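Worksheet for the structure shown next.
Which chain is which? They are A, B, C and D, in the order written, and residues in each are numbered from 1.
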Amino acid sequence: MSQDDLDFSSDTSAPAHPAVLDALARANHAMAASYGSDPLTAELQSLICEIFETDVAIFPVVSGTASNALALSLLANPMESILCHDEAHIARDERGAPEFFSAGAKLSLLAGSDGKIAPETLETACSTINRAFVHETPPAALSLTNLTECGTAYTQDEIRTLCEIAKRHDLATHLDGARLANALAHTGASLADMTWRAGIDVLSLGLTKTGAMSCEIICLFGECRDRLDELRARAKRAGHMPPKMRFISAQGLALLSDGLWLELAGNANDVAQALAGKLVASGEAQIQYPVEGNEVFARLSDDLLGKLQGKGLKAYPWPGGATRFVCNWSLRAATFDRIKL
Amino acid sequence: MSQDDLDFSSDTSAPAHPAVLDALARANHAMAASYGSDPLTAELQSLICEIFETDVAIFPVVSGTASNALALSLLANPMESILCHDEAHIARDERGAPEFFSAGAKLSLLAGSDGKIAPETLETACSTINRAFVHETPPAALSLTNLTECGTAYTQDEIRTLCEIAKRHDLATHLDGARLANALAHTGASLADMTWRAGIDVLSLGLTKTGAMSCEIICLFGECRDRLDELRARAKRAGHMPPKMRFISAQGLALLSDGLWLELAGNANDVAQALAGKLVASGEAQIQYPVEGNEVFARLSDDLLGKLQGKGLKAYPWPGGATRFVCNWSLRAATFDRIKL
Amino acid sequence: MSQDDLDFSSDTSAPAHPAVLDALARANHAMAASYGSDPLTAELQSLICEIFETDVAIFPVVSGTASNALALSLLANPMESILCHDEAHIARDERGAPEFFSAGAKLSLLAGSDGKIAPETLETACSTINRAFVHETPPAALSLTNLTECGTAYTQDEIRTLCEIAKRHDLATHLDGARLANALAHTGASLADMTWRAGIDVLSLGLTKTGAMSCEIICLFGECRDRLDELRARAKRAGHMPPKMRFISAQGLALLSDGLWLELAGNANDVAQALAGKLVASGEAQIQYPVEGNEVFARLSDDLLGKLQGKGLKAYPWPGGATRFVCNWSLRAATFDRIKL
Amino acid sequence: MSQDDLDFSSDTSAPAHPAVLDALARANHAMAASYGSDPLTAELQSLICEIFETDVAIFPVVSGTASNALALSLLANPMESILCHDEAHIARDERGAPEFFSAGAKLSLLAGSDGKIAPETLETACSTINRAFVHETPPAALSLTNLTECGTAYTQDEIRTLCEIAKRHDLATHLDGARLANALAHTGASLADMTWRAGIDVLSLGLTKTGAMSCEIICLFGECRDRLDELRARAKRAGHMPPKMRFISAQGLALLSDGLWLELAGNANDVAQALAGKLVASGEAQIQYPVEGNEVFARLSDDLLGKLQGKGLKAYPWPGGATRFVCNWSLRAATFDRIKL
């Protein structure tokens, strides 16, 4: 057992998958046009269209925060707001990035159990929209997250229901897919069904947590594809058009080809299930939210927590008293067979 | 002769040096703390202090635009302006990034031949500063670029003279060092003498054009080191704190160790000299600016331009009728011996 | 009975008090320096110091939104947040002005009955501040409102308790005093005791709702007085330094001299009490919040509402089913003696 | 001779015309809907349509800076720039207001004698626009000023020529008309011919310098009228929707009715002509720019300047050595008959 076997601090602390490094090495020869005009970025765009089963306009960036904030800046102007869950990463963990990129749009926070927004909650929030009332800041977009911040997965039906409500009230829709692979692996939904076919306009497709070094892809669907030039201008002035973009695209190609990303996410999910099972079996842990991805939130007895820490556990305490375990692609479920709690 | 031997389109189109890829591969094992708390970033910080011969606070980012704009956002508030050359990259080529990151500070443009600001020009601009006059936007900072946009190199004395004027008028000083290695290789100045000892407060140290995949390092000197926390907060909300920062730092370590970066820049400079010599010798080219780095701006006869294009030349036409040749680390001066003009 | 006797739509719909018009006429002669350098603005500054019993730096503006947003932009930078009640005017009714003026600071909303923030609520919110955690947006300021949005009045003790908690957690303090006169008239507190002596750093002192045409005064206390130059620069670039400022200051002088503003607010409060009494006496109305200023929120029977509307009532329905009655300076309590419900 | 007879410091230091005060007094009775929904604002809108001979959407504000910056924020997004004269008020004297309101758009400065942009200068600037080149900030609008900053007047033909060039290059057009009345009085052009018929999309119509207390009117022509709701939202969040807007509109009605504003501007222009004549006749002054409005820029001998200051002259020295004389509505040309130079 290596010292990393009990490191559940974050999937962002894991190394990249070897296939990613191989792809970088392969990409590292000869001159290639800068700023996204290179062949690998074109190849990535083709692959994305293929796996989404539709035409998609894309822009790769290096962080999830940039991916979300750039996406949202297309959907809400500074006099508008964005509806999201009150525990959403964009609201809690991005240091005001949506406000920065949108030049001051508001986030309007919606409560909801298990990290999800309930349809009735969204309906109520939308029912009071009065765009003609100049004093209030009307919402222009709905942002969802899948996996949610609680490690639960929206089904494609849940996403579609929420998007239908949003569309009925003229809201654009964004999906923060930092851990979308985990949600897909859990639900078995297709990429298309979980996103544009369910009504999503813009997707922040995350690969860094799944196994990349640094690769997040903004995907524009349907009419939003016409916004690519604006997105590129926004990215450029935000410093998010690094010259040698072939190296970001190469990572995307490595992971999205042949379903490697889903395989890695599936494995991380399996690790989470095994871990949850182990914790429950100990009789000293209560699972807080359904384990539907690669995260386990559990309230542990002091004894159990101490014992795990003694074995080298790394995991963050979570607001409310739980411990958060994030399982990354490099862990193996079988490891738990050798751990005695 | 490979097809890339005459590709002078940009040093940003070159691949990364093999040492960079090796460093990435070495960095890619085990868990490491995210967001810059990893050992490699700490190691980079130590190395930077060593080569600068002083204590430096650093923050690595993925693009020169981010590096410049984040740096400047520390030095000017939204009601202030930044003095820079009217051909500066921050003014012409970053799509308003300084205005975005500073929430609306102005750039005040200064003319000057060969891409340099003359001391008297700066003195004149400073002489009319009236911070008590609320209607005008007073400058708060001076931003210099070395190599300049014309491929010329400021000497350490020139930098010091300009910084002295700036300081006398209470301006902070920034250096855009996207091609600083080339200026150092040309002038032979030490890193310390060209930057903080000459009066620079904040440096955007570029390595991507020198041979990295994606690595630019914001360096805070002296009292500006106290602004690191603010810089980190600004970077986070700008999406410029990608989680697996060890991979950016690893690139910096690879290039800055044992002077590799200066070696690569020196080679690129040599290529530029050889190219310039070849062009002049042809009798059909006029060099526009002193060749003091890895760039040659030359006005070519139609004949010569056609002949070169026939051989596979890639180089951008420049405003004013010249052609810009940018020589990257992977070229070899000896190549020109085999080219007949 | 005039048609305006039952117009409770808003105190912003009332005319200005005649003394204000007289003051404008008196101010309208001869040349006077622009942009606040005129004698009347200086006179206003002196008067303000006198009635606050301390040295105050002031800046007069034309709207409460500008007054609040400019004040807050001094207290929170774009990477910080501002704590306020979730029904606060700055959160609900200013179309994102705080976000605009602060270049993207967040409002963090606190719940609380009767429009007030309870000390324990504030304490809890402050207890999780972790300024070293770069991902979250830490609060930098607390903004209170007196009168609250529910027409209730914080006492000076309540303000002081909240400010003490804020100060203990290094938060600056702002008071939105759009209807401060009404709170003072109700509580009997002195201007000093209700503001700077209770721990308020910056006050948005409102006079428009009290009886001015257009006059709100930003008051900086203690060390915040050093921020006046920055405030002036922020106001200028926001278009809030109209050239003929003498006419704003003249209004302030008219109302603040000899306690006219408190007299007008006291009258409006009396009207509200009389109205509330009348409504309660009808047996068909339930008062929602303690009536401690010039506003009455009451849930009326359909019969009563219809009867009043028949007599010419103008009043807005409020979220939750109540009707909001705002009593302005020009109404008279005695009017209600003649109204039969 | 009163002490104000030689006060040429600024037309913004003058009092308001008595008709303006009368209008305020007349407006000051009874309740009126807030935020621009009052009858006087509706009446102003009708009058504006009448004098412009077309349908116009309007929004009144209290300062020229707000009027210009709000107008421009409709015409350029944060990734775009605005072309203007390098001495334009929006560039020099508004503390970055255009950058603030537009969330970071750039001003691109064009040189030109007598405060005017020459058609060839504009044509050259437009010829290099490349909206597909993501690194540069393309212009989206042209902003002109009439009277110019040099006190000269564009003719309607000049405005039309410039607008035609702008339109050919897909630029929107804005006119800063802080002293439009003076330009109209000088050229004799109709309001329609000088603005929308010449190709202006949005006009910042100034009345404060002409004789109001505080009244500037943003006028949207043609398709720009559809932007009124956005303009109102922008104004609200900028604090530029003071509740008792009837008092701004009342000023506009007073001045625009029966051509009073043109009469006052014509008088101010006459004073400037008389002053210029007097200065030239002294043999000790050189007029710098054609006197085509209410401003005289003259280079005076030390003797003459001293003599005038002895008589009480108030006038600002101007960059370049001239003295600026601004003549306001309350001066009389005949006064100069009594002054001996």
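As a working rule, a residue touches a chain if its C-beta (ideal position, glycine included) is under 8 Å from a C-beta of that chain, and two chains touch if they have at least 3 such contacts.
In UniProt terms, the chains line up like this: A, B, C, D = Threonine aldolase family protein.
Keep in mind the model is a prediction, meaning the values are calculated, not measured.
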item	value
For chain D, the least number of touch steps when starting out from chain B	1
Label of the chain whose CA centroid is most distant from the centroid of chain C	B
Intercentroid distance (Cα basis), chain D paired with chain A, Å	51
Separation of chain A from chain B, taking each centre as the mean of its C-alpha atoms, in whole Å	34
Computed distance of Cα centres, chain C from chain A, in Å	42
Shared-contact residues (touching 2 or more other chains) in chain A	35, 78-79, 94-96, 100, 103-104, 134-135, 233, 236-237, 241
Touch list for chain A against partner chain D, complex	35, 78-79, 103-104, 132, 134-135, 229-230, 232-234, 236-237, 241
Contact set on chain D toward chain B in their complex	78-79, 81, 92-96, 99-100, 103-107, 109, 128, 134-137, 319
Chain C residues within the chain D interface of the complex	3-4, 7, 9-10, 12-16, 18, 21, 24-25, 27-35, 61-67, 69-70, 94-97, 100-101, 208-209, 213-214, 233, 236-244, 247, 314, 328
